[in-house]
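Structures are listed in the sections that come next.
Below, subunit A partners subunit B and then partners subunit C, in two separate complexes.
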Partner chain A sequence: MSVIEVRDLNRTFDGKKVLRGLNFSVEKGEVFGFLGPNGAGKTTTLRILLGLLRASSGEALVFGASLANQDRLRRRVGVLLENNGIYDRLSARENLDYYARLYAVEEPRAQVEEMLEFAGLTERADDLVGTFSAGMKRKLGLARAIIHDPELLLLDEPTSGLDPEAQVLVRDLILRLSGQEAMTVFMNSHHLAEVERVCSKVAILHHGSIQAFDTVEHLRAGSGMPRLSLSLADPEKTATALDLLSQLPSVSRTEREGNRILVTLTRGSPASPILTRLIQEDIGVEEATKVSRSLEEIYLGVVQEAEGSA
Partner chain B sequence: MNARILRALAEKDLREVRKNRIAIYGAIVLTVIFSIAFPLIFTQVPLITGTEGAPDLEEVIPLIPLEIQGVIENLEPQQIPVVLFLGYLFAPLFLIIPLMIASIIAAEAFVGEKERKTLEPLLYTPATDLELFVGKVLAALIPAVVFAWANFAVYTFVVNLAGWPVMHRIWFPTAVWWPMILWVAPAIALMGIAVTVLISSKVRTFMEAYQASGALVLIVVALLMGQIFGLIFLSPFVSLLVGAVLFALDALLIKIGVGIFSRDELMTSI
Partner chain C sequence: MNGMLIVAQKEIRQILKSRNVLASAIIFVIVFGGFSSLSTLTSEGGGGPLDQLVFTLVPVLGIFMGYLFSSQAFLREKQGGIVETLLCSPLSLREIWMGKVIGVTVPAYGLTLLAAALILGLANSLSQMTLLPSLPLIAHLFTTVPLFIAATVGLLGFAQLLLGLRENQILNFAIIFALIFLLTMSQALFGSGFTISWVVVGSSLAIAILLLIATSWLTRFLDKERIVITIP
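Moving on, here comes the complex of A and B:
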């Protein structure tokens, strides 16, 4: 059974379709990235998964049931939305203690101390949260979300509004949870570099429908045209090489990047004939590497394609 | 319902209220005015002004209920305002204490959380809608009633101590106060909470909620004026009846409030 199973999910607000027949699943232990621009429907999907919004049609199941009807099932889920929801007038310890008790954690005191340590806030445990920086609040929010040791962690823009150092910290915490604790993580984000580093599987949402859904590796392998980065033995011959390559039918585009040449091949074309041809023209190739497409490029390609077909 | 969850909810709300200046200052002001200043004024003025300075109540006395007239007819002139006001007429006014405290805490618990965006994470917890509702109601009701009772103890002490030179005996509380404090005070506190819950879905800030629920003071004013003008005498029996009517209204309002305090409804108002 999938941890999350979404089937034909639709949601309409005042006659406007926000979600259009979403279908995806998240398996145990996966770190799943739900990507999309603002207004794509990510938070709406998350709220339906949490049982806080009703679907217009279709199903959003967590552990095989709807959280809307299963109060006790929420015990197995940890949540951190874009707003931390931390009480500024309480201390870090009081905040965590409150949620430990609401989630009926067995040893609340010990768990609170462990979470303070996890978030690196032991020394500020008794300070009012209102005096904390955004990064400290985010880490405390994450500690609150996992204080009951959930099997599934739902995150909405987990590093939003954080400085780069705090972003790295939060990202490391997520990786630690998925690695050491084998927690399943579902995260909404439009921070592509973060998703690329953390997630094993992604879905790209645009205008309420899923445009791509696969592992990051498969998306990289299957999307766009293959690219080669060439370093020539004699940089003086770069202009000649560019001229030659641009005439080859298997090459769709060439770009110069310093002393390197970036060659985009037409779909399905192998790289070896290009290298052979360069050598035939006495242009030595010192290094040839296949260039992977970044998630950002994949994402932009998918979104542009969706915009074009709309 | 899980008692552990109810306790956690109530304790957290109380912890927050203790850090809410409006609640703390409100509690201090209420105590100073109702439990200390009023008894001091009504017991010390006759002593300072003497018999000749005692307020002329001849025009007022025919208006007040016959039952109270019967009690004060054998008193010395200096004792009349002390017993009349502190022993009888102020009894309904004292209800402002549980009403205001309950309204402040309820506004904090139901609307303050929404205002500070801390309500949403609460909705992801395993607590049921009913547990969240009851926990927050208890967080407002218990301290409001306990605070009212504590103030009643202070009032009793100050009235008897400061009134000793005039009364020469421990005469307070009178019988009318007991049902007012033990029965009507919890009922009106609950009403403050129920009304705050009802308006919580319509307002966005703590202050809006608190001000709107403040209109309930009119109930207290009506009881006070009704007694001053002889329209009603809050005898123990009448107080029991008033309390019962308030509790019945509370039950109705809370039933509506439970419907409003559901995850579905709350999410649309967050």
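Moving on, here comes the complex of A and C:
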């Protein structure tokens, strides 16, 4: 059974379709990235999964049931929304203690201390949260979300509004949870670099429908045309090489990147004939590397394609 | 511990840490409780007026405390978005609402009893004989007053969770006017000759219980979606 199962999910607000027939699933132990621009429907999907909003049609199941009417099932789920869910007028320890008891954690005191350490806030444990920086609050929010050791963690833009240093810290914490604790993580984000580093599987949402859904590796492999980065033995022959390559039918595009040449091949073309041709022309190739597409390129491609077909 | 009581305990702790809100509540008690009783007690004499004053003024003060603290527990939490996280917890919406109502009612009632003690102290300091509240009045203070506060807090919490930001602003104005009206009414009742009998106390207790049941019934219409889409 999938941890999350979304089937033909639709949601309309005041006659406007916000979600259009979403279908995806998240398996146990996966770190799932739900990507999309602002207004794509990510938060609405998350809220439906959490049982905070109703679906107009279709299903959003967590552990095989809807969280909307399963109060006790929510004990197995940890949530960090845009708001950290912590109280400025209470100390870090009081906040964690409150949630530990709400979730009926067996040894709340020990767990609170462990979570303070996890978030690196042991020394500030008794300070009011109102005096914390945004990064500290986010880390405390994450500690709060996992204090009951959930099997599934749902995150909404976990590094939004944080400085780069805090972003790295929060990202590392998420990686630790998925690695050491084998927690299933569902993460809403429009931070592509973050998703690329953290997630094993992604869905790209645009205007309420999923445009791509696969593992990051498969998306990279199957998206667009293959590319080669060449480093020539004699950089002075770069212009000649560019000229030659642009005439080959298997080459769709050439770009110069410093002393390297970036060659985009036509779909299905192998790289070896190109290298052979260069050597035949006495242009020595020192290094040839296959270039993977970044998630950002894939994302932009998918979004542009969706815009074009709309 | 029961989830509802955990919420209640947190609300009490938070209210006790909110110095500004506590200061406003105490100032209100002194200004309206102290000065109203001073002006009325100096113009009248004996135990009858004291009973009337405590009977009418103390519940109004309690309702005000409930209003003040419920804004912290319900409205502020909704405006800040924290309520959304709480709705994802294993507690039902009703348990959350009940927990908050208890958590707000306890400190509001505590301060209300202090206000009653202040009025009694002032009355005794102004009188040459010892003035003690009647038994029906004591029963009123320990039964009807907390129920009235709880019903008001429950109703306010219900409305604050249900309504959007603008509607809540309008509601706040309406409540302030209603409180002023209630204070004026309590002043008007004072000296009108009615006595605090067991029948009066029993009737007001019945009204408080009915109000509490009605408020509790209303929470059936509370809905997570409605709360979430009205978060500013």
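Keep in mind that, in the parts below, the second predicted complex is superposed on the first by the 310 of 310 C-alpha atoms of A that agree within 3 Å, B and C clash if a C-alpha of one lies under 4 Å from a C-alpha of the other, contacts with A are read in each partner's own complex, and residues count from 1 in each chain.
Here is the rule we go by: contacts are C-beta pairs under 8 Å (C-beta built on N, C-alpha and C of every residue); 3 or more make two chains touch, one makes a residue touch a chain.
Quick caveat: nothing in here was measured; it's all calculated off a predicted structure.
Partners subunit B and subunit C clash in the overlay (superposition on subunit A).
In the superposition on chain A, A:Gly301 makes contact with neither subunit B nor subunit C.
In the superposition on chain A, A:Gly58 contacts neither subunit B nor subunit C. When the two complexes are overlaid on their common chain A, residue A:Leu81 makes contact with subunit B and with subunit C alike.
Looking at the shared chain after the overlay, A:Gly21 reaches neither subunit B nor subunit C. In the superposition on chain A, contact of A:Tyr98 is made with both subunit B and subunit C.
Common to the subunit B and subunit C interfaces on subunit A are residues 47, 50-54, 68, 71-72, 74-75, 77, 79, 81, 83, 85-87, 89-90, 94, 98-99, 101-104. Put simply, subunit C touches subunit A in their complex at residues 1, 3, 6-7, 10, 13-14, 17-18, 80-82, 84-92, 224-225, 228-229. Within the complex formed with subunit C, the subunit A residues making contact are 47, 50-54, 67-68, 71-72, 74-75, 77, 79, 81-87, 89-90, 94, 98-99, 101-104. Contacts from subunit B toward subunit A in the complex involve residues 2, 4-5, 7-9, 12, 15-16, 19-20, 116-128, 263-264, 267. Across the complex, subunit B is touched by residues 47, 50-54, 68, 71-75, 77, 79, 81, 83, 85-90, 94, 98-99, 101-104, 144 of subunit A.
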